[in-house]
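Take a look at the structures below.
Look for chain A in each of the two complexes below; its partner is chain B in the first and chain C in the second.
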Partner chain A sequence: MKDEKSLFINILALLILSFMAFYIYKVSIDTGDGIKITDNITPQKRVADRYLKKNVVDENSSYKFGQTAEDTSANIVTSVVVDYRLFDTTLEVIVLFVTILGFGFVIPKDKRRVLKPSVILHRWAPLLMILMFMIGGYMFINGHLSPGGGFPAGAIISTAILTGVLAGRKTVTHKTLKVVEAIAGISIFGIGIASYLIKGVFFQNFLTGDKIGDLFSGGLIPVFYGLIAFKVAAELSNIYFEFYEEC
Partner chain B sequence: MTNLAIFIAVLMFLGAVWTVLTDDVFKAIVVFGIVSLMSSVMFLLMQAPDVAITEAAIGSGITTALFIFTYKKMEDKKNER
Partner chain C sequence: MTKVFIFSSLSLIFVGLFGVLTRKNIVKILIALNIIETGINMLLVAFGYIEGGITPILQSDLSIANLNKMVDPVPQALVLTSIVIGLGTTAFALSLAMRYKNTHNSVSIRAIDEEGVNI
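Moving on to the complex of A and B:
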């Protein structure tokens, strides 16, 4: 009975694999007449064309700011990442969440003694942590004006928490991390649903009409960046606690 | 500027080769972090500051920390046996 079941599963897997292989082959020999969801053959309708027309290499090229989606933030990369491609960023955060979920299952909790840190690290850690928290906060508050963003900001904040963990300082508890992560994750999708109800498109920026370059400009971009930063920081800090916990 | 870029590229190449060829795992981890830092400088020279910040924070900060944690756990397991 068991053999028949495994044989059936093997045949099914072979079928699925051949199906995927067929499509990979079809895509590899595709000359551009396959399935098209959007019109991406006409060069005037592609996003790349718009970027090529307002490059920064030529000194004489200029761009007139209107009220389109890419004008909402002073940093053009941010408006691409958070306005056009917010699905990418959100799914990256979800991938990180699933990774940490699997991490908690796989890594066994074993008892280990944590060595006492040196006095210098123990005394200097709070000062370093304050500086790191300041840089991380600056990254996601100013993400729409200068280089930076939610993901590196979360990474820098989690590095500050790592310094605290290594120095033997109690910074945050497991429960706080879980609550912060849950609130941030729910808020991202809550704002997405809200923008669907207001504008009709998921994750569309519905706060427009502010001046470019101000601290409170860019509509929803700083809000999303703050939420992503807190989610990433909570998730990455979870790993350190998982590894370096005193039982 | 080009000379600096070539210098950094050569350093990256040597570090990558060293990472693969060395026997000591700890040295490999540290040199791998240095390669990440060099690539972040490279991104900055190529005028991509956003990517440079992300590379510096994740590639050379968090990845190195996680590798060192894993290395320590492996050593603990080795000592138990």
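Moving on to the complex of A and C:
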């Protein structure tokens, strides 16, 4: 790189950027009149207040732990991702799908040298993979009770498949990945249409009556998170296969 | 504490911006873009922070009494999905970089101007 180490350009960029950073920092911590970005004094005015109190539909409703409510997920981040803002999440899953589709078209299909895996990795990979699959499964089953959920679970499961590929083990084929991805994607929208037929609103939770804090609570939330986990896992493992595979 | 979070995330964003502006190597630019993405995710979470806040997970009746002390769950929900999208877009950009290397036999963004110069 010829002029990457040019001192003048680096110093000029540093000066301009520190000038910009100073003013942006000053605006973000401003607590005077006008628009406030970090308004930590009155969080009750935020939209999240309705999500926390679970009274989006009926303003005066309240709930107790261990009883039923409007949305029975104990983890409120999960109830925002998979119930109140489920349209957002499905569209982001579609964005991920389109990215992987473009990736598959663009990546050059040339011959690549694949290194032989070491004996230690080849022997110990199945044990590692079993542990990773267990943690991934736990994360999407428990996504409505503890931190975690479908997206991190998908990432963990795809990492397990990557370990198997690096160790030279036979794990899954391209066709299996495509089938899993298609079934998960169709089921998400299929459940959406089913809830339209049952409740009259697209993506509305139709499994109600469960209690906050139980393993089988949250209605459709664990179902959606499981489908999202398998879809994300299939797509991310597709990336690893394309990068590593001997064409 | 909010000031510390905002300061650190803004410095990450501008370190990444410095890399994008001054580097010529495509792989270095992609690493800088990932640093910017991490900084923006941190900034979004920092905007939802409350002094002395607790995690937005219901564990007992005590946590329902403290709903006003919980941090904002909406930015966390947005960041959760954006991290996975970031992985997909990074893979796409890396495949474009591989294509560029095959065509120009170089990873410099000036390779189109300096045809035939191997850097």
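Here is the rule we go by: the second predicted complex is superposed on the first by the 177 of 247 C-alpha atoms of A that agree within 3 Å, B and C clash if a C-alpha of one lies under 4 Å from a C-alpha of the other, contacts with A are read in each partner's own complex, and residues count from 1 in each chain.
Simple rule for what comes next: a residue touches a chain if its C-beta (ideal position, glycine included) is under 8 Å from a C-beta of that chain, and two chains touch if they have at least 3 such contacts.
Every value quoted in this text rests on a predicted model; they were computed, and no experiment measured them.
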* To do: Applying the touch criterion given at the start, work out whether A:21 contacts chain B, chain C, both or neither, answering first, second, both or neither.
  => second
* Could you look at A:244 and tell me whether it touches chain B, chain C, both or neither (first, second, both, neither)? => first
* Asked: Between chain B (first) and chain C (second), which does A:156 come into contact with in this model arrangement: first, second, both, or neither?
  -> first
* To do: Look at A:116 in the shared chain and tell me whether it touches chain B only, chain C only, both, or neither; answer first, second, both or neither.
  => neither
* Residues of chain A contacting chain B in one complex and chain C in the other -> 75, 77, 147, 149, 151-152, 155, 236, 239, 243
* Structure fact -> chain A residues touching chain C in their complex are 1-4, 9-10, 13-14, 17-18, 20-21, 24-25, 28-29, 37-38, 40, 43-44, 46-48, 51-53, 63-65, 74-77, 80-81, 85, 88-89, 92, 95-96, 99-100, 102-103, 106-108, 110, 145-147, 149, 151-152, 154-155, 212-213, 232, 235-236, 239, 242-243
* Once bound in the complex, which stretches of chain B touch chain A? -> 49-50, 52-54, 56-58, 61-62, 65-66, 69, 73, 76
* **Of chain C, residues touching chain A in the complex** => 2-3, 6-7, 10-11, 13-14, 17-18, 21-25, 46-51, 55-61, 63-64, 67-68, 70, 72-74, 76-78, 80-85, 87-89, 91-92, 95-96, 98-99, 102, 108, 110, 119
* **Complex contact set, residues of chain A against chain B** => 75, 77-78, 112, 139, 147-149, 151-152, 155-156, 158-159, 162, 236, 239-240, 243-244
